[in-house]
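The first chain written gets the first letter, and so on, giving A, B, C and D; residue counts start at 1 in each chain.
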Amino acid sequence: MENFNKYTEERTVTYKPTGTGKLYTDPDAEKAREYFRDKKPRKMVEKATTVEKVVKEMISDGDYIGIGGFGANRTPVAVLHEMLRQGKKNLGLAGHTATHDFQILVAGNCINRCDAAYIVGLEARGLSKIARKAVESGTVELCEMTNASLTWRYKAAAMGLSFLPVRCMLGTDTEKFSNAVEMECPFTGAKYLAVPALYPDVGIIHVHRADVYGNCQIDGIMIADQDLARAAKRLIITTERFVPNEYIRRDPSKTIIPYYLVDAVIEVPFGGYPGNMAYEYFSDEEHLKAWLKAEKDPDEFKEFLQRHIYGVKNFNEYLDTIGGMSRLQELRIQENLIEK
Amino acid sequence: MENFNKYTEERTVTYKPTGTGKLYTDPDAEKAREYFRDKKPRKMVEKATTVEKVVKEMISDGDYIGIGGFGANRTPVAVLHEMLRQGKKNLGLAGHTATHDFQILVAGNCINRCDAAYIVGLEARGLSKIARKAVESGTVELCEMTNASLTWRYKAAAMGLSFLPVRCMLGTDTEKFSNAVEMECPFTGAKYLAVPALYPDVGIIHVHRADVYGNCQIDGIMIADQDLARAAKRLIITTERFVPNEYIRRDPSKTIIPYYLVDAVIEVPFGGYPGNMAYEYFSDEEHLKAWLKAEKDPDEFKEFLQRHIYGVKNFNEYLDTIGGMSRLQELRIQENLIEK
Amino acid sequence: MEYNDMELMICLASRYLEDNSIVVVGTGAPCAAAMLAQKMYSPRLMIMFEAGGIGPMLPSMPISVGDSRTFYRALAASSMPEVMETCQRGLVDYTFLGGAQIDQYGNINSTMIGDDHEKPKVRFPGSGGANDLASLCWKTMMITPQDPQRFTEKIDFITSPGYLTGPGAREKAGLPKDSGPYKVITNLCVIGFDEETKRMKVESTHPSIEKQTIIDNTGFELLWADDLTISEPPSPEELKCLREEVDPYKYIIGRA
Amino acid sequence: MEYNDMELMICLASRYLEDNSIVVVGTGAPCAAAMLAQKMYSPRLMIMFEAGGIGPMLPSMPISVGDSRTFYRALAASSMPEVMETCQRGLVDYTFLGGAQIDQYGNINSTMIGDDHEKPKVRFPGSGGANDLASLCWKTMMITPQDPQRFTEKIDFITSPGYLTGPGAREKAGLPKDSGPYKVITNLCVIGFDEETKRMKVESTHPSIEKQTIIDNTGFELLWADDLTISEPPSPEELKCLREEVDPYKYIIGRA
């Protein structure tokens, strides 16, 4: 029988920290284990709360946060708006295709550092002027990253590890300004880049359905939320709607986030607006365009933020400012490809 | 801002191959990439075939195989029986809780090496005499493994890597007789065990539903099949029933195995019998007991195998030998907790 | 009320599983103990199975840790890596193991008897998930009959790690900090582990069991707790629940 | 039949996507090229999006690679790691990228202009999934307008790897063997890569485009294929399909 063990003797190899970027979070799996043991709520108790309360009690200035969804798709917007209203400062951010979420946090001057895979742009919609300015002026410090590296950094944490080997970033300036380390495979000698596990202080995810204990279902693509939910030290869930626990138990293979990962859960209908929520409502392209346009003039933008965020008490009031249920119904019709 | 980079300078570390077990498959991710590029069918063409044909054409003597399910749960029994009828020899096996599957392959004298996490037993049902004998006599060579290590070895392959770091096996004899290598984390210096990626020559998985292209759905737990399907060089699917492609597209989040991973797909109703198929039929404990009993006497066992495997043409005929639809219906009633 | 050894061990084990903790169990006695705990003291004890079942409403004793009972009306039907990674991440409080041999540090052999790995005298199933659970869960418990062959100075094969060679050895080997064996529940006594030496220390002896009987049935030197007590026997309520609700067909409790 | 630069580039790009291959695309021109290919030549071209959409029946052009169109009646609605790992495993044939700068080896900058990373003159979005796809897919294609600022000797930041510094450099860096840039489709010509030097080599010039115009619009020395041809212009069928079925609202083709 062939033996594919290439190396049977002990050998020394070199680890090269080729990235000069900072490591904004502690990748130590032992410390994460201790945190999870002592602080993760194992109790299956009701965790329904309010956005105001959860932002006040669970997000502190300086925290490093991870946001679910994908920029303007299934984004937990209600929590982000409340962070602005409460004036959260000096936050770190995991920026895997951070689009409208990044834009909101920059508008509130909430963040000062970011693991940046994709920022300042809104995909096909164009670039955010304020987001660009925040980066170009050095207000937000960056560690360069890629979407895959960032999702694998979450995955490393979700697996209870402190690193994972990957095959991207190698040989580029993205690597040089990342926080990665070059290493090699113990079995083949192949070169790898090790990326550090990312355990955010807070994860915030918007889902389709959850029970009051925090058992969650998501329809359609998961993006990186299956791993973010497991990596986050504290996890805040907003949900389109509450369902009874019995509903969750009817199809347990749909439970992507079990209750013991969740610290708080809040029902926020249309909570992904103005982003797209699969099978529920399409993104409000007009409102997103209005954001980008408003950014071009500081006074107009101040007024825009006042109207939609600072001047309203909560997310339901925000929905009123954009046309309320009539507008939302249009987006629902659009999402479901119904010809009017 | 705190920087959690502990090591900013190049440093040398030691890799220690602490396991004396053989590596039965090549963990090289580059070679796997080449194989997948050249040999994995990207064509979404009809792949429906027969068990006879697929065992003849896709499984060669000496191949290393990975079996889906969990011993006697969602096990691809029809393919295993056919391997016996065709007299496959010198196969390697990934033995993560291999129970009835291991027993069948040993009965046919098909395997000569195994990455052994759990073998020779049938969980609460007791131990298989023939399986024990095969190991105690040295007929089947073993590399020690654990269920988690084995599932992570599949996962390494599924991720397109040649290894993954894990925190089990360390410090034990299981490690000493494994094929693992001690290493350390590039970021924290923590000790890890590296396990080699496992790319089986052939993967065989039984699923609830598939279309003729090989897009598959599984109900209930996945065990390790999401990763085995991705790790296997060639992948054989048996399915309880075919469904139209349209059915698959109706709920794309249910597709656990997309068609481009699949080399052949065969409809085999009750294909997990005598094991348990979630929501379909419970395990046939009487038949499994009869197996264990028959093993105790070589002549009786020979007769048993003749009656149920060698003496029948195919899986449908096997089902006839155990009582046909009447018995199967009992198991269906039992699975669904229907009081008679 | 009369009870047999298996009933005693299951009842004692069940009392250690406090409410709202998470336990990964296998089939057999551990599963019975977890079910009993759920029904008697810990209605929200969260039971996981290594093949993927999370938080089922168990309709009956599973035959396999991967059978459909393990995710019947469950909170989640996941996968083996999902459960193992939950353990590795430090979210699982307890696990239960069995084995053919155990030493004073709680190292367990479920692999083989003999000294030649290529040709063992007796082969057992091997680790399965046992090594993983003993490595990654916070507290490992064992339910096992006690005799000198089983409780032995040197086990033939360390399948799953206890405290290995003693204090600090787990950490040195790279295993997670502060994890390790917690209780061993036998037909004779309940054994904990001495904090300083990491060696087995008897905490309570079962009713009518002499200290000498325990010594005679152990192949190494046991430590004894200063506050050694008599194990609290199964209550009529526990026995009733175990016999009528947990294991009415006596799959497990009929084995004693 | 008249056509604009964007229509030309999309039509040319679409012809490289053979039937039954797998391509990961972003929004915009690449997605239009893939949709056109599917409708014209390659009905079973398999389109993936990096956020998790696999094999959708695209009802319209997605606005985001994560929006619900990307998994509309799809074969699978998966996750970002699932798609990226499929690339890393070697199952994805093609990807399409854009960027602000590109050099002769096909290295792409989509991160910043300037020489101070802490205070860039201009900041772009960064890699997103571009570096990953350029690293892990077999063949990377680009659709981009051509001018000397964009096609430059030294780009300010290598976001995504082309052939890096030349032959063997990708392999030396640890990137997968035999992967790398394949075609660059511009408004002036179609460029491949010389097998020996890994430098850009013009394969065909677009109708009525002079060689000198291409040279003037390139900041480095181009190689020229021995069998240099004229690009086959879009056919009326291609244009009809692109305009009426792929991009009826002219989101993309209206940009030229």
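Please note the rule applied: a contact is a pair of C-beta atoms (placed from the backbone, for glycine too) under 8 Å apart; a residue touches a chain by one contact, two chains touch by 3 or more.
It should be emphasised that the depicted structure is a prediction, and the values quoted were computed from it without experimental measurement.
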{"item": "Selected interface, B-D versus A-D, where C-beta contact pairs are more numerous", "value": "A-D"}
{"item": "Centroid comparison with chain A (C-alpha atoms), farthest chain", "value": "C"}
{"item": "Interchain centroid distance [CA atoms averaged], chain A/chain D, Å", "value": "28"}
{"item": "Centre-to-centre distance between chain B and chain A (centres being mean Cα positions), rounded to whole Å", "value": "35"}
{"item": "Averaged-CA centre spacing for the pair chain C and chain A, given as whole angstrom", "value": "39"}
{"item": "Sequence positions of chain A contacting 2 or more other chains", "value": "29-30, 141, 160-161, 166-167, 190, 192, 220-221, 252-253"}
{"item": "For chain C, residues that touch 2 or more chains besides their own", "value": "71, 77-78, 81, 87-88, 136, 176"}
{"item": "Overall pattern in which the protein chains touch one another (line/ring/star/complete/other)", "value": "other"}
{"item": "Pairs of chains, among all present, that meet the touch criterion", "value": "A-B, A-C, A-D, B-C, B-D"}
{"item": "For the chain B and chain C complex, residues of the former touching the latter", "value": "69-74, 96-97, 99, 116-121, 123-125, 127, 132, 135-138, 141-142, 144-149, 151-152, 155, 166-174, 177, 182, 190-193, 220-227, 276-279, 282-283, 285, 335, 337"}
{"item": "Chain B - residues contacting chain A, complex", "value": "1-5, 7-17, 22-30, 92, 112-113, 141, 160-167, 179, 181, 183, 185-188, 190, 192, 194, 196-197, 219-221, 252-253"}
{"item": "Residue numbers on chain C that touch chain A, as the complex places them", "value": "20-22, 44, 46, 54-57, 71, 73-78, 81, 85-91, 93, 136, 138, 176-178"}
{"item": "Interfacial residue positions of chain A with respect to chain C in the complex", "value": "29-30, 32-37, 40, 42-44, 157-161, 215, 230, 248-250, 252-253, 255, 258-260"}
{"item": "Of all residues in chain D, those that touch chain A in their complex", "value": "26-28, 50-53, 59, 63-68, 70-72, 77-81, 84, 87-88, 107, 111, 117-132, 135-136, 157-161, 164, 169-170, 172-176, 251"}
